[in-house]
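For clarity, chains are labelled A, B, C and D in written order, and residue numbers in each chain start from 1.
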(Lines give C-alpha, C1' and ligand atoms only; values in the text may rest on other atoms or scores of the structure.)
Protein backbone atom coordinates (compact mmCIF):
# COMPACT_ATOMS: atom_id res chain seq x y z
CA UNK A 1 0.00 0.00 0.00
CA UNK A 2 1.15 3.49 -0.78
CA UNK A 3 2.31 5.67 2.11
CA UNK A 4 1.37 9.35 1.86
CA UNK A 5 4.22 11.78 2.56
CA UNK A 6 3.91 15.45 3.33
CA UNK A 7 6.45 18.27 2.98
CA UNK A 8 6.52 22.07 2.94
CA UNK A 9 7.01 24.34 -0.06
CA UNK A 10 7.88 28.03 0.12
CA UNK A 11 7.06 30.56 -2.55
CA UNK A 12 6.94 34.33 -3.05
CA UNK A 13 3.42 35.69 -2.55
CA UNK A 14 3.21 36.94 -6.15
CA UNK A 15 4.19 33.56 -7.63
CA UNK A 16 1.72 31.83 -5.32
CA UNK A 17 -1.06 34.19 -6.46
CA UNK A 18 -0.28 33.40 -10.10
CA UNK A 19 -0.12 29.68 -9.30
CA UNK A 20 -3.54 29.79 -7.60
CA UNK A 21 -4.99 31.42 -10.71
CA UNK A 22 -3.33 28.71 -12.85
CA UNK A 23 -4.97 26.10 -10.60
CA UNK A 24 -8.41 27.64 -11.18
CA UNK A 25 -7.95 27.98 -14.93
CA UNK A 26 -6.91 24.33 -15.16
CA UNK A 27 -9.58 22.84 -12.91
CA UNK A 28 -7.23 21.44 -10.25
CA UNK A 29 -8.87 20.87 -6.87
CA UNK A 30 -5.92 22.07 -4.76
CA UNK A 31 -2.23 22.96 -4.88
CA UNK A 32 -1.03 19.43 -4.06
CA UNK A 33 -2.96 17.95 -6.98
CA UNK A 34 -1.60 20.55 -9.39
CA UNK A 35 1.98 20.06 -8.19
CA UNK A 36 1.73 16.28 -8.42
CA UNK A 37 0.42 16.60 -11.95
CA UNK A 38 3.25 18.93 -13.02
CA UNK A 39 5.78 16.49 -11.59
CA UNK A 40 4.18 13.46 -13.23
CA UNK A 41 4.10 15.34 -16.54
CA UNK A 42 7.85 15.99 -16.32
CA UNK A 43 8.60 12.39 -15.36
CA UNK A 44 6.65 11.03 -18.34
CA UNK A 45 8.40 13.51 -20.63
CA UNK A 46 11.76 12.18 -19.39
CA UNK A 47 10.58 8.56 -19.94
CA UNK A 48 10.11 9.39 -23.62
CA UNK A 49 13.76 10.47 -23.98
CA UNK A 50 15.07 6.89 -23.50
CA UNK A 51 14.57 4.80 -26.61
CA UNK A 52 14.37 1.49 -24.77
CA UNK A 53 11.81 2.59 -22.16
CA UNK A 54 8.48 0.76 -21.99
CA UNK A 55 5.59 3.13 -22.57
CA UNK A 56 1.96 3.24 -23.64
CA UNK A 57 0.45 5.60 -26.16
CA UNK A 58 -1.90 6.05 -29.07
CA UNK A 59 -1.16 6.65 -32.73
CA UNK A 60 -3.91 8.60 -34.50
CA UNK A 61 -4.05 8.39 -38.30
CA UNK A 62 -6.34 10.14 -40.75
CA UNK A 63 -6.62 8.59 -44.20
CA UNK A 64 -8.72 8.47 -47.31
CA UNK A 65 -10.33 5.03 -47.49
CA UNK A 66 -11.23 5.50 -51.17
CA UNK A 67 -7.74 4.25 -51.90
CA UNK A 68 -8.74 0.68 -51.10
CA UNK A 69 -5.33 -0.91 -51.24
CA UNK A 70 -4.38 1.54 -48.53
CA UNK A 71 -6.44 -0.29 -45.93
CA UNK A 72 -4.73 -3.58 -46.80
CA UNK A 73 -1.32 -1.96 -46.48
CA UNK A 74 -2.22 -0.42 -43.11
CA UNK A 75 -3.49 -3.74 -41.78
CA UNK A 76 -0.37 -5.53 -43.02
CA UNK A 77 1.89 -3.04 -41.23
CA UNK A 78 -0.11 -3.44 -38.05
CA UNK A 79 0.15 -7.23 -38.21
CA UNK A 80 3.93 -7.00 -38.54
CA UNK A 81 3.89 -5.05 -35.24
CA UNK A 82 1.15 -6.98 -33.51
CA UNK A 83 3.19 -7.52 -30.33
CA UNK A 84 3.16 -3.75 -29.88
CA UNK A 85 -0.51 -3.10 -30.65
CA UNK A 86 -3.20 -3.56 -28.04
CA UNK A 87 -6.14 -2.56 -30.21
CA UNK A 88 -7.15 -0.34 -33.05
CA UNK A 89 -10.38 1.51 -33.60
CA UNK A 90 -11.84 2.99 -36.73
CA UNK A 91 -14.00 6.14 -36.98
CA UNK A 92 -15.73 7.44 -40.12
CA UNK A 93 -15.03 11.18 -40.19
CA UNK A 94 -16.95 11.79 -43.41
CA UNK A 95 -17.61 10.05 -46.72
CA UNK A 96 -13.91 9.82 -47.57
CA UNK A 97 -11.89 10.34 -44.41
CA UNK A 98 -11.27 7.75 -41.71
CA UNK A 99 -9.64 8.27 -38.35
CA UNK A 100 -7.95 5.27 -36.82
CA UNK A 101 -6.58 5.08 -33.29
CA UNK A 102 -3.98 2.41 -32.55
CA UNK A 103 -3.25 1.86 -28.87
CA UNK A 104 0.29 0.69 -28.30
CA UNK A 105 2.36 -0.64 -25.41
CA UNK A 106 6.05 -1.34 -25.86
CA UNK A 107 9.47 0.18 -26.37
CA UNK A 108 9.67 3.78 -27.51
CA UNK A 109 11.78 3.11 -30.60
CA UNK A 110 9.26 0.48 -31.72
CA UNK A 111 6.41 2.98 -31.28
CA UNK A 112 8.24 5.56 -33.38
CA UNK A 113 9.06 2.92 -36.00
CA UNK A 114 5.41 1.91 -36.32
CA UNK A 115 4.27 5.54 -36.47
CA UNK A 116 6.80 6.28 -39.21
CA UNK A 117 5.72 3.27 -41.28
CA UNK A 118 2.05 4.23 -41.07
CA UNK A 119 2.60 7.93 -41.67
CA UNK A 120 4.62 7.36 -44.82
CA UNK A 121 1.97 5.31 -46.64
CA UNK A 122 0.46 7.14 -49.62
CA UNK A 123 -3.10 8.14 -48.74
CA UNK A 124 -2.39 8.62 -45.03
CA UNK A 125 -3.01 12.33 -44.58
CA UNK A 126 -1.73 12.76 -41.04
CA UNK A 127 -0.36 10.76 -38.13
CA UNK A 128 0.10 11.96 -34.59
CA UNK A 129 1.09 10.35 -31.33
CA UNK A 130 -0.23 10.76 -27.79
CA UNK A 131 2.72 9.91 -25.56
CA UNK A 132 1.54 8.23 -22.40
CA UNK A 133 2.90 5.96 -19.71
CA UNK A 134 2.46 2.61 -17.98
CA UNK A 135 2.02 4.62 -14.80
CA UNK A 136 4.70 2.82 -12.74
CA UNK A 137 5.79 4.82 -9.69
CA UNK A 138 3.87 7.95 -10.54
CA UNK B 1 -12.42 14.45 -58.32
CA UNK B 2 -9.00 15.71 -57.34
CA UNK B 3 -6.76 17.09 -60.08
CA UNK B 4 -3.08 16.27 -59.71
CA UNK B 5 -0.73 19.23 -60.17
CA UNK B 6 3.00 19.07 -60.79
CA UNK B 7 5.72 21.69 -60.22
CA UNK B 8 9.50 21.86 -60.01
CA UNK B 9 11.62 22.27 -56.89
CA UNK B 10 15.28 23.29 -56.85
CA UNK B 11 17.72 22.43 -54.12
CA UNK B 12 21.47 22.41 -53.44
CA UNK B 13 22.96 18.98 -54.04
CA UNK B 14 24.07 18.63 -50.40
CA UNK B 15 20.59 19.43 -49.04
CA UNK B 16 19.05 17.01 -51.53
CA UNK B 17 21.43 14.28 -50.40
CA UNK B 18 20.47 14.85 -46.78
CA UNK B 19 16.80 14.93 -47.74
CA UNK B 20 17.09 11.60 -49.56
CA UNK B 21 18.63 10.05 -46.44
CA UNK B 22 15.79 11.55 -44.37
CA UNK B 23 13.32 9.92 -46.79
CA UNK B 24 14.95 6.51 -46.29
CA UNK B 25 15.10 6.81 -42.51
CA UNK B 26 11.42 7.73 -42.39
CA UNK B 27 10.11 5.11 -44.82
CA UNK B 28 8.76 7.52 -47.43
CA UNK B 29 8.39 6.03 -50.91
CA UNK B 30 9.59 9.10 -52.82
CA UNK B 31 10.34 12.82 -52.52
CA UNK B 32 6.82 13.93 -53.44
CA UNK B 33 5.27 11.83 -50.69
CA UNK B 34 7.73 13.17 -48.10
CA UNK B 35 7.16 16.78 -49.17
CA UNK B 36 3.39 16.38 -49.13
CA UNK B 37 3.60 14.93 -45.64
CA UNK B 38 5.79 17.78 -44.35
CA UNK B 39 3.33 20.30 -45.79
CA UNK B 40 0.28 18.53 -44.35
CA UNK B 41 2.01 18.37 -40.97
CA UNK B 42 2.55 22.14 -41.00
CA UNK B 43 -1.03 22.82 -42.09
CA UNK B 44 -2.43 20.71 -39.26
CA UNK B 45 -0.13 22.44 -36.78
CA UNK B 46 -1.51 25.78 -37.95
CA UNK B 47 -5.09 24.49 -37.61
CA UNK B 48 -4.41 23.88 -33.91
CA UNK B 49 -3.47 27.55 -33.35
CA UNK B 50 -7.05 28.75 -33.93
CA UNK B 51 -9.28 28.06 -30.93
CA UNK B 52 -12.49 27.83 -32.93
CA UNK B 53 -11.20 25.44 -35.60
CA UNK B 54 -12.90 22.06 -35.99
CA UNK B 55 -10.46 19.22 -35.43
CA UNK B 56 -10.27 15.56 -34.51
CA UNK B 57 -7.98 14.01 -31.95
CA UNK B 58 -7.58 11.55 -29.13
CA UNK B 59 -7.15 12.15 -25.41
CA UNK B 60 -5.20 9.39 -23.67
CA UNK B 61 -5.56 9.08 -19.89
CA UNK B 62 -3.84 6.74 -17.47
CA UNK B 63 -5.52 6.28 -14.10
CA UNK B 64 -5.69 4.04 -11.07
CA UNK B 65 -9.09 2.31 -11.12
CA UNK B 66 -8.74 1.27 -7.45
CA UNK B 67 -10.12 4.68 -6.65
CA UNK B 68 -13.62 3.62 -7.63
CA UNK B 69 -15.34 6.96 -7.43
CA UNK B 70 -12.81 8.10 -9.98
CA UNK B 71 -14.47 6.10 -12.75
CA UNK B 72 -17.85 7.67 -11.95
CA UNK B 73 -16.32 11.14 -12.07
CA UNK B 74 -14.60 10.43 -15.40
CA UNK B 75 -17.83 9.12 -16.91
CA UNK B 76 -19.77 12.14 -15.61
CA UNK B 77 -17.28 14.54 -17.20
CA UNK B 78 -17.48 12.67 -20.48
CA UNK B 79 -21.27 12.81 -20.47
CA UNK B 80 -21.18 16.58 -19.97
CA UNK B 81 -19.10 16.75 -23.19
CA UNK B 82 -20.90 14.03 -25.12
CA UNK B 83 -21.31 16.17 -28.22
CA UNK B 84 -17.55 16.27 -28.52
CA UNK B 85 -16.80 12.61 -27.87
CA UNK B 86 -17.08 10.01 -30.61
CA UNK B 87 -16.09 7.02 -28.52
CA UNK B 88 -13.95 5.94 -25.64
CA UNK B 89 -12.02 2.76 -25.14
CA UNK B 90 -10.63 1.20 -22.01
CA UNK B 91 -7.43 -0.86 -21.70
CA UNK B 92 -6.20 -2.70 -18.59
CA UNK B 93 -2.49 -1.88 -18.34
CA UNK B 94 -1.93 -3.92 -15.18
CA UNK B 95 -3.81 -4.77 -11.98
CA UNK B 96 -4.19 -1.12 -11.00
CA UNK B 97 -3.61 1.04 -14.03
CA UNK B 98 -6.10 1.72 -16.81
CA UNK B 99 -5.51 3.49 -20.07
CA UNK B 100 -8.49 5.16 -21.67
CA UNK B 101 -8.56 6.68 -25.14
CA UNK B 102 -11.29 9.22 -25.88
CA UNK B 103 -11.71 10.08 -29.54
CA UNK B 104 -12.96 13.62 -30.02
CA UNK B 105 -14.23 15.76 -32.88
CA UNK B 106 -15.08 19.41 -32.30
CA UNK B 107 -13.69 22.86 -31.57
CA UNK B 108 -10.15 23.12 -30.29
CA UNK B 109 -11.01 25.05 -27.14
CA UNK B 110 -13.60 22.41 -26.25
CA UNK B 111 -11.01 19.67 -26.70
CA UNK B 112 -8.57 21.48 -24.41
CA UNK B 113 -11.35 22.11 -21.88
CA UNK B 114 -12.25 18.42 -21.75
CA UNK B 115 -8.60 17.38 -21.49
CA UNK B 116 -8.05 19.81 -18.62
CA UNK B 117 -11.11 18.56 -16.72
CA UNK B 118 -10.02 14.93 -17.05
CA UNK B 119 -6.37 15.57 -16.28
CA UNK B 120 -7.13 17.43 -13.05
CA UNK B 121 -9.18 14.63 -11.44
CA UNK B 122 -7.43 13.05 -8.45
CA UNK B 123 -6.28 9.56 -9.46
CA UNK B 124 -5.65 10.45 -13.09
CA UNK B 125 -1.92 9.97 -13.41
CA UNK B 126 -1.39 11.40 -16.87
CA UNK B 127 -3.29 12.85 -19.80
CA UNK B 128 -1.98 13.50 -23.26
CA UNK B 129 -3.47 14.59 -26.54
CA UNK B 130 -2.88 13.43 -30.11
CA UNK B 131 -3.72 16.44 -32.26
CA UNK B 132 -5.22 15.35 -35.54
CA UNK B 133 -7.43 16.75 -38.27
CA UNK B 134 -10.69 16.28 -40.14
CA UNK B 135 -8.53 16.04 -43.25
CA UNK B 136 -10.32 18.75 -45.27
CA UNK B 137 -8.25 20.04 -48.17
CA UNK B 138 -5.08 18.18 -47.29
CA UNK C 1 9.19 43.61 -0.81
CA UNK C 2 8.16 40.05 -1.51
CA UNK C 3 6.55 38.08 1.29
CA UNK C 4 7.48 34.40 1.44
CA UNK C 5 4.54 32.02 1.86
CA UNK C 6 4.69 28.40 2.93
CA UNK C 7 2.24 25.56 2.39
CA UNK C 8 2.16 21.77 2.62
CA UNK C 9 2.16 19.29 -0.27
CA UNK C 10 1.23 15.62 0.03
CA UNK C 11 2.45 12.90 -2.29
CA UNK C 12 2.62 9.10 -2.50
CA UNK C 13 6.00 7.80 -1.34
CA UNK C 14 6.79 6.31 -4.75
CA UNK C 15 6.08 9.57 -6.60
CA UNK C 16 8.16 11.48 -4.05
CA UNK C 17 11.06 9.06 -4.58
CA UNK C 18 10.89 9.59 -8.35
CA UNK C 19 10.63 13.34 -7.84
CA UNK C 20 13.73 13.38 -5.63
CA UNK C 21 15.66 11.54 -8.34
CA UNK C 22 14.37 14.07 -10.89
CA UNK C 23 15.65 16.86 -8.60
CA UNK C 24 19.12 15.29 -8.52
CA UNK C 25 19.28 14.70 -12.26
CA UNK C 26 18.30 18.30 -12.91
CA UNK C 27 20.58 19.98 -10.38
CA UNK C 28 17.86 21.54 -8.23
CA UNK C 29 18.91 22.36 -4.68
CA UNK C 30 15.67 21.30 -3.00
CA UNK C 31 12.03 20.38 -3.64
CA UNK C 32 10.75 23.96 -3.27
CA UNK C 33 13.12 25.24 -5.94
CA UNK C 34 12.15 22.46 -8.35
CA UNK C 35 8.42 23.01 -7.77
CA UNK C 36 8.74 26.77 -8.22
CA UNK C 37 10.60 26.20 -11.48
CA UNK C 38 7.97 23.78 -12.82
CA UNK C 39 5.24 26.31 -11.98
CA UNK C 40 7.11 29.22 -13.56
CA UNK C 41 7.70 27.12 -16.67
CA UNK C 42 3.96 26.46 -17.01
CA UNK C 43 3.09 30.12 -16.43
CA UNK C 44 5.49 31.26 -19.15
CA UNK C 45 4.11 28.62 -21.52
CA UNK C 46 0.62 30.01 -20.92
CA UNK C 47 1.88 33.58 -21.52
CA UNK C 48 2.94 32.52 -25.01
CA UNK C 49 -0.59 31.38 -25.88
CA UNK C 50 -1.96 34.96 -25.88
CA UNK C 51 -0.96 36.85 -29.01
CA UNK C 52 -1.04 40.28 -27.40
CA UNK C 53 1.05 39.37 -24.34
CA UNK C 54 4.31 41.24 -23.75
CA UNK C 55 7.26 38.86 -23.70
CA UNK C 56 11.01 38.69 -24.16
CA UNK C 57 12.89 36.17 -26.25
CA UNK C 58 15.68 35.52 -28.69
CA UNK C 59 15.53 34.65 -32.37
CA UNK C 60 18.52 32.60 -33.54
CA UNK C 61 19.26 32.53 -37.27
CA UNK C 62 21.91 30.63 -39.19
CA UNK C 63 22.72 31.93 -42.65
CA UNK C 64 25.30 31.81 -45.40
CA UNK C 65 26.96 35.25 -45.57
CA UNK C 66 28.42 34.53 -49.01
CA UNK C 67 25.09 35.69 -50.34
CA UNK C 68 25.98 39.32 -49.63
CA UNK C 69 22.65 40.89 -50.45
CA UNK C 70 21.27 38.62 -47.79
CA UNK C 71 22.90 40.65 -45.03
CA UNK C 72 21.36 43.85 -46.39
CA UNK C 73 17.93 42.25 -46.50
CA UNK C 74 18.28 40.96 -42.94
CA UNK C 75 19.33 44.38 -41.67
CA UNK C 76 16.44 46.05 -43.51
CA UNK C 77 13.93 43.68 -41.94
CA UNK C 78 15.39 44.32 -38.51
CA UNK C 79 15.17 48.10 -38.98
CA UNK C 80 11.50 47.80 -39.88
CA UNK C 81 11.00 46.10 -36.50
CA UNK C 82 13.43 48.20 -34.48
CA UNK C 83 10.91 48.92 -31.73
CA UNK C 84 10.85 45.20 -31.01
CA UNK C 85 14.59 44.52 -31.14
CA UNK C 86 16.84 45.19 -28.16
CA UNK C 87 20.08 44.06 -29.76
CA UNK C 88 21.54 41.65 -32.22
CA UNK C 89 24.78 39.78 -32.13
CA UNK C 90 26.74 38.07 -34.87
CA UNK C 91 28.88 34.93 -34.56
CA UNK C 92 31.10 33.41 -37.27
CA UNK C 93 30.38 29.68 -37.19
CA UNK C 94 32.80 28.84 -39.99
CA UNK C 95 33.98 30.36 -43.26
CA UNK C 96 30.47 30.50 -44.70
CA UNK C 97 27.98 30.19 -41.90
CA UNK C 98 26.93 32.96 -39.52
CA UNK C 99 24.79 32.69 -36.44
CA UNK C 100 22.89 35.77 -35.40
CA UNK C 101 20.97 36.21 -32.18
CA UNK C 102 18.31 38.91 -32.05
CA UNK C 103 16.99 39.73 -28.59
CA UNK C 104 13.40 40.91 -28.68
CA UNK C 105 10.92 42.42 -26.26
CA UNK C 106 7.34 43.08 -27.33
CA UNK C 107 4.04 41.50 -28.28
CA UNK C 108 4.01 37.82 -29.16
CA UNK C 109 2.44 38.24 -32.59
CA UNK C 110 5.11 40.80 -33.48
CA UNK C 111 7.83 38.37 -32.42
CA UNK C 112 6.36 35.63 -34.59
CA UNK C 113 5.98 38.07 -37.49
CA UNK C 114 9.65 39.07 -37.30
CA UNK C 115 10.77 35.45 -37.00
CA UNK C 116 8.72 34.51 -40.06
CA UNK C 117 10.13 37.37 -42.13
CA UNK C 118 13.71 36.44 -41.27
CA UNK C 119 13.24 32.71 -41.67
CA UNK C 120 11.76 33.04 -45.15
CA UNK C 121 14.67 34.98 -46.67
CA UNK C 122 16.63 32.94 -49.22
CA UNK C 123 20.00 32.03 -47.71
CA UNK C 124 18.69 31.81 -44.14
CA UNK C 125 19.21 28.15 -43.33
CA UNK C 126 17.40 27.97 -40.02
CA UNK C 127 15.58 30.16 -37.53
CA UNK C 128 14.54 29.23 -34.03
CA UNK C 129 13.04 31.06 -31.10
CA UNK C 130 13.79 30.92 -27.38
CA UNK C 131 10.53 31.88 -25.70
CA UNK C 132 11.21 33.80 -22.52
CA UNK C 133 9.44 36.26 -20.24
CA UNK C 134 9.61 39.73 -18.72
CA UNK C 135 9.54 37.93 -15.37
CA UNK C 136 6.57 39.83 -13.90
CA UNK C 137 4.99 38.07 -10.96
CA UNK C 138 7.01 34.90 -11.24
CA UNK D 1 30.74 25.03 -55.19
CA UNK D 2 27.20 23.86 -54.68
CA UNK D 3 25.41 22.30 -57.64
CA UNK D 4 21.72 23.14 -57.93
CA UNK D 5 19.46 20.14 -58.58
CA UNK D 6 15.88 20.22 -59.78
CA UNK D 7 13.10 17.67 -59.47
CA UNK D 8 9.33 17.48 -59.86
CA UNK D 9 6.73 17.27 -57.10
CA UNK D 10 3.10 16.23 -57.60
CA UNK D 11 0.26 17.27 -55.37
CA UNK D 12 -3.56 17.31 -55.31
CA UNK D 13 -4.92 20.69 -56.39
CA UNK D 14 -6.58 21.28 -53.00
CA UNK D 15 -3.39 20.60 -51.05
CA UNK D 16 -1.45 22.85 -53.43
CA UNK D 17 -3.98 25.65 -52.88
CA UNK D 18 -3.61 25.33 -49.11
CA UNK D 19 0.17 25.21 -49.46
CA UNK D 20 0.20 28.39 -51.53
CA UNK D 21 -1.83 30.14 -48.83
CA UNK D 22 0.64 28.84 -46.22
CA UNK D 23 3.47 30.30 -48.32
CA UNK D 24 1.81 33.73 -48.33
CA UNK D 25 1.03 33.71 -44.60
CA UNK D 26 4.64 32.80 -43.84
CA UNK D 27 6.34 35.24 -46.20
CA UNK D 28 8.09 32.68 -48.39
CA UNK D 29 9.04 33.92 -51.85
CA UNK D 30 8.14 30.72 -53.71
CA UNK D 31 7.33 27.03 -53.28
CA UNK D 32 10.95 25.87 -53.54
CA UNK D 33 12.04 28.16 -50.72
CA UNK D 34 9.19 27.00 -48.47
CA UNK D 35 9.91 23.33 -49.19
CA UNK D 36 13.63 23.73 -48.55
CA UNK D 37 12.86 25.44 -45.25
CA UNK D 38 10.47 22.66 -44.13
CA UNK D 39 13.12 20.07 -44.97
CA UNK D 40 15.90 21.95 -43.18
CA UNK D 41 13.64 22.33 -40.15
CA UNK D 42 13.10 18.56 -40.01
CA UNK D 43 16.81 17.84 -40.45
CA UNK D 44 17.75 20.16 -37.59
CA UNK D 45 15.06 18.59 -35.39
CA UNK D 46 16.60 15.18 -36.09
CA UNK D 47 20.09 16.53 -35.26
CA UNK D 48 18.83 17.40 -31.77
CA UNK D 49 17.79 13.78 -31.11
CA UNK D 50 21.40 12.53 -31.02
CA UNK D 51 23.13 13.46 -27.77
CA UNK D 52 26.62 13.58 -29.23
CA UNK D 53 25.79 15.76 -32.23
CA UNK D 54 27.57 19.10 -32.60
CA UNK D 55 25.08 21.97 -32.64
CA UNK D 56 24.77 25.69 -32.03
CA UNK D 57 22.10 27.41 -29.99
CA UNK D 58 21.26 30.06 -27.45
CA UNK D 59 20.23 29.72 -23.83
CA UNK D 60 18.05 32.59 -22.61
CA UNK D 61 17.79 33.18 -18.86
CA UNK D 62 15.73 35.68 -16.91
CA UNK D 63 16.85 36.39 -13.37
CA UNK D 64 16.56 38.84 -10.52
CA UNK D 65 19.93 40.60 -10.13
CA UNK D 66 19.02 41.88 -6.65
CA UNK D 67 20.25 38.53 -5.41
CA UNK D 68 23.86 39.56 -5.93
CA UNK D 69 25.50 36.25 -5.18
CA UNK D 70 23.39 34.91 -8.00
CA UNK D 71 25.48 36.72 -10.60
CA UNK D 72 28.67 35.23 -9.19
CA UNK D 73 27.16 31.75 -9.28
CA UNK D 74 26.02 32.22 -12.88
CA UNK D 75 29.45 33.44 -13.96
CA UNK D 76 31.14 30.52 -12.17
CA UNK D 77 28.92 28.00 -13.95
CA UNK D 78 29.65 29.63 -17.29
CA UNK D 79 33.40 29.52 -16.66
CA UNK D 80 33.19 25.79 -15.91
CA UNK D 81 31.66 25.39 -19.40
CA UNK D 82 33.73 27.98 -21.21
CA UNK D 83 34.66 25.60 -24.04
CA UNK D 84 30.99 25.44 -24.92
CA UNK D 85 30.17 29.14 -24.66
CA UNK D 86 30.89 31.54 -27.50
CA UNK D 87 29.60 34.68 -25.83
CA UNK D 88 27.04 35.95 -23.41
CA UNK D 89 25.06 39.13 -23.45
CA UNK D 90 23.19 40.91 -20.70
CA UNK D 91 19.99 42.97 -21.05
CA UNK D 92 18.29 45.02 -18.33
CA UNK D 93 14.59 44.20 -18.60
CA UNK D 94 13.57 46.47 -15.73
CA UNK D 95 14.91 47.55 -12.34
CA UNK D 96 15.10 43.98 -11.05
CA UNK D 97 14.99 41.61 -13.97
CA UNK D 98 17.89 40.75 -16.28
CA UNK D 99 17.80 38.74 -19.45
CA UNK D 100 20.99 36.97 -20.43
CA UNK D 101 21.63 35.21 -23.73
CA UNK D 102 24.41 32.64 -23.84
CA UNK D 103 25.41 31.52 -27.31
CA UNK D 104 26.70 27.95 -27.33
CA UNK D 105 28.39 25.63 -29.78
CA UNK D 106 29.13 22.04 -28.82
CA UNK D 107 27.63 18.64 -28.08
CA UNK D 108 23.92 18.46 -27.36
CA UNK D 109 24.27 16.76 -23.99
CA UNK D 110 26.69 19.46 -22.88
CA UNK D 111 24.21 22.15 -23.93
CA UNK D 112 21.44 20.50 -21.93
CA UNK D 113 23.77 20.07 -18.96
CA UNK D 114 24.66 23.77 -18.95
CA UNK D 115 21.02 24.79 -19.35
CA UNK D 116 20.01 22.58 -16.44
CA UNK D 117 22.74 23.99 -14.18
CA UNK D 118 21.72 27.58 -14.94
CA UNK D 119 17.98 26.98 -14.71
CA UNK D 120 18.22 25.35 -11.28
CA UNK D 121 20.01 28.26 -9.57
CA UNK D 122 17.79 30.04 -7.02
CA UNK D 123 16.84 33.43 -8.43
CA UNK D 124 16.82 32.28 -12.05
CA UNK D 125 13.17 32.72 -12.99
CA UNK D 126 13.20 31.06 -16.38
CA UNK D 127 15.55 29.42 -18.86
CA UNK D 128 14.79 28.50 -22.43
CA UNK D 129 16.78 27.20 -25.35
CA UNK D 130 16.78 28.10 -29.04
CA UNK D 131 17.92 24.94 -30.81
CA UNK D 132 19.95 25.80 -33.87
CA UNK D 133 22.55 24.22 -36.10
CA UNK D 134 26.06 24.57 -37.48
CA UNK D 135 24.44 24.57 -40.89
CA UNK D 136 26.50 21.74 -42.40
CA UNK D 137 24.94 20.24 -45.49
CA UNK D 138 21.69 22.14 -45.26
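In the analysis below, contacts are C-beta pairs under 8 Å (C-beta built on N, C-alpha and C of every residue); 3 or more make two chains touch, one makes a residue touch a chain.
Small disclaimer: the values here were computed from a predicted structure and weren't measured.
For this pair, subunit B with subunit C, the centres built from the Cα atoms lie 26 Å apart.
In this assembly, the C-alpha centroid of subunit A lies 9 Å from the C-alpha centroid of subunit B. Along subunit B, residues 40, 138 each make contact with two or more other chains. The touch graph of the protein chains shown is a ring with every node of degree two.
Contact between chains, as defined at the top, is found for A-B, A-C, B-D, C-D.
Contact residues of subunit C toward subunit D in the complex are 26-29, 33-34, 37, 40-41, 44, 56-64, 86-87, 89, 91, 93-94, 96-97, 99, 101, 103, 105, 116-117, 119-120, 122, 125-126, 128-135, 138.
By the touch criterion stated above, subunit A contacts subunit C in their complex at residues 2-19, 22, 25, 31-32, 35-36, 38-40, 42-43, 46, 137-138.
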